[in-house]
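The first chain written gets the first letter, and so on, giving A, B and C; residue counts start at 1 in each chain.
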Amino acid sequence: MAEAFGLILRWDRELSVIVMLSLQVTLSAVALACLIGLPLGALVGAFRFPGRGVITVLLNALMGLPPVVVGLFVYLMLSAAGPLGVLGLLYTPTAMIIAQTILVTPIIAALTKQVVEDLHGEYAEQFASFGVTARTRVAALLWDARYSLLTVALAGFGRAVAEVGAVLIVGGNINHVTRVMTTTIALETSKGNLQLALALGVLLLGLAVVVNAGVMALRVSAVRAAYA
Amino acid sequence: MRDTVMESAQDCIASILTARSLGFAAGGQVLLQGIDVDIAKGKRTLIMGANGAGKSLFLRLLHGLLPPSFGTVRWHGERPAKRAQAMVFQRPVMLRRSVIANLRFALRVQGLGWRAREAGAREALEMAHLTEKARQPARLLSGGEQQRLAVARALVCDPEILFLDEPTSSLDPASTQMIEDLVNAAHARGVTVVMVTHDQGQARRMGDSVIFLHAGRLAEEGPRDQVLDAPRSEAARAWMAGRLYTRNDF
Amino acid sequence: MLRRHLLSLALGTVLAFGAGTARAQEFILVQSTTSTQNSGLFDHILPIFQEKTGIEVRVVAVGTGQAIKNAENGDGDVLFVHAKAAEEKFVAEGHGVSRADVMYNDFVIVGPADDPAGVAGMNDVVAALSKIAEAQAPFASRGDDSGTNKAELRLWKMAGIDVQAASGGWYRETGSGMGATLNTGTGMNAYILTDRATWIAFGNKGDYRIAVEGDAKMFNQYGIILVNPEKHGHVKAEAGQAFIDWVLSDQGQAAIADFKVDGQQLFFPNAGG
């Protein structure tokens, strides 16, 4: 066991490439998912329109999407035999970002909807009194809910960084190209190197702790300023 | 149709806002009905009445926050939406931003440019005696300061009418005084004031005329002294005397 | 501002990857199996090839069944697997250009030290499987249509045993890769058929030992195939062929023979043989 953690602590170039790729893929996917999910969730949360209930149910259901299914779907899209095969994206980090974006967007959107809906309940009359436009309403709600939405983004980050099913299928776990922490853990497990796999798992956990702690620190200062 | 147009054209001479046969129903219950009033331009009109009389609802209908179920509200003979008006709520709704950012937001909604926003926000801060607190989170201000900011924020919108829904009901006398000063200063600049209040003392200090509601109907209206000192309706008489009046079949 | 920041972060990253892919040196994609990957063979031979030709080889290591499926979809330039019949079918259907033998390793049956079926030391695999079935000793199968799985089923057939009838009883299909099956199988005290390479490199052996080995029926032939560029226009035929030619060349074959784990040679080159 000590030996496995020693390997982690020595932190060679190989390991840093894997960790950096994990972060790059997951942070990109979460950022893209926020770009789509925040406005989408805010629209659903701040406006009443026909079909709103259907969208809400759909978003909530999609939160439970199995990563393997997303991976399979993206594989079929990006495969040379698939409709987007010409792009040549299969087995690249971009494919992994796409898969994780699909996985995380419903989570961001559904949780954003909840946060924005609650805040809008508080702001609605004041906004109506100001006569704000739809666009300003969405922008102001997203901005004023920004610290709560950080937690939403964290939920997305947690799901994406821990996920192995989707990135394994569309990334292929190619050494130095698409190998990330979770696929490495799966690989080391299949090689029977359970202690190394566990040590990598602990490292992944540590990474998640660092990211979460950073965001929480930000949130705590926001709460102190009554901004959250 | 022609009749209503003629009628409102006449009303316009002295009034900025007219309600005709105004009513509101929700959940199968009629909460407000048959209200005909004219809000005089440049005056301070107070809306009074017991709890549940429909005062806040009436104010929201006048402001255009709610669509009337019956009747009409006309602004210079037109619908009130998108008019130069602003409202201060009983419990101030502070955006999760700094004091000055709350003012900037209201100014930006008015479509003002950056320079005008900064100037307007600074001026409003001074008016509300909040310059020192410009950078503080608005939600950490005291209740009195928050309400001052709310009034200042409403006034930067440069409204023709300022609506206030019991703005001082939870404030101490000093804070109440500052709010009244702000409102009176706006009135002095020509802003029409429509305010809901429970406070007879405030009514005497601030009111030009009083609209008295009871159980969703107009009990009486008239100049302040007449309604406060010599109310004609049984409901207003009872209320002024501090008695509970439950009849609603007047 | 937060959103603008997120936007630039996202675009920046995507662009960085895009640019990175465009700038990358020439590479080919090889669909291969977990046995070659997990044993470390590729880590040994690919750098030699890249040094010589400048071509980077990216390996997707999955079960032979899935590797063939992926190659049929055109997702790969070269197929490097071990299931001769399926490979020949792949070529016959026009998905591949031609098939060449590369090397072989052998399968072994590993089992727990207490040896419940009493097969330790046997070298007749058919007889050993019969004994396991008779004793109804647990047997873990990959059950994933991989090359190893196909070889195992062929051996059961030779022994005349219908394992499907025992499925869920003493015959347990894990439906996963070799490593996962070894992890699962050792956990339930089952016999497991595995390729020797994966076994030697496997790090979670516990009290398991090789029980049955040395039967010619357990030789495991690897073949290499260029995915047909006439069927899939984007296949990097030239670079792919260069890799195949090198693997089959004296230098490539020597590199394979050189690869040792714990002093043991795992793969035996037999190109052209």
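One rule holds in what follows: contacts are C-beta pairs under 8 Å (C-beta built on N, C-alpha and C of every residue); 3 or more make two chains touch, one makes a residue touch a chain.
Just so it is clear, the model here is predicted, and its values are computed rather than measured.
In terms of which chains touch, the assembly is arranged as an unbranched chain of neighbours. Legend note: the chain whose CA centroid lies nearest the centroid of all displayed protein CA atoms is A. Rounded to a whole number, the gap between the C-alpha centres of chain A and chain B is 46 angstrom. As a whole-number value, the distance joining the C-alpha centres of chain A and chain C reads 33 Å. Once the centre of each chain is set as its mean CA position, chain B and chain C turn out to be 79 Å apart. Here chain A touches chain C in the complex through residues 24, 27-28, 31-32, 34-35, 38, 79-82, 85-86, 88, 90-94, 97, 142-143, 146, 172-175, 177, 187, 189-194, 196, going by the rule given at the top. Residues 60, 63, 65, 81-82, 86-87, 89, 93, 95-97, 105-106, 108-109, 137-140, 157 of chain B are the ones touching chain A in the complex. Every residue of chain C that touches chain A in the complex is listed here, in rising order: 2-3, 6-7, 9-10, 13-14, 17-18, 21, 29, 34, 38, 43, 58-61, 70, 72-75, 177-180, 182-183, 201-205, 232, 234. Within the complex, the chain A residues that touch chain B are 122-123, 125-126, 128-132, 136, 140, 144-145, 225-228.
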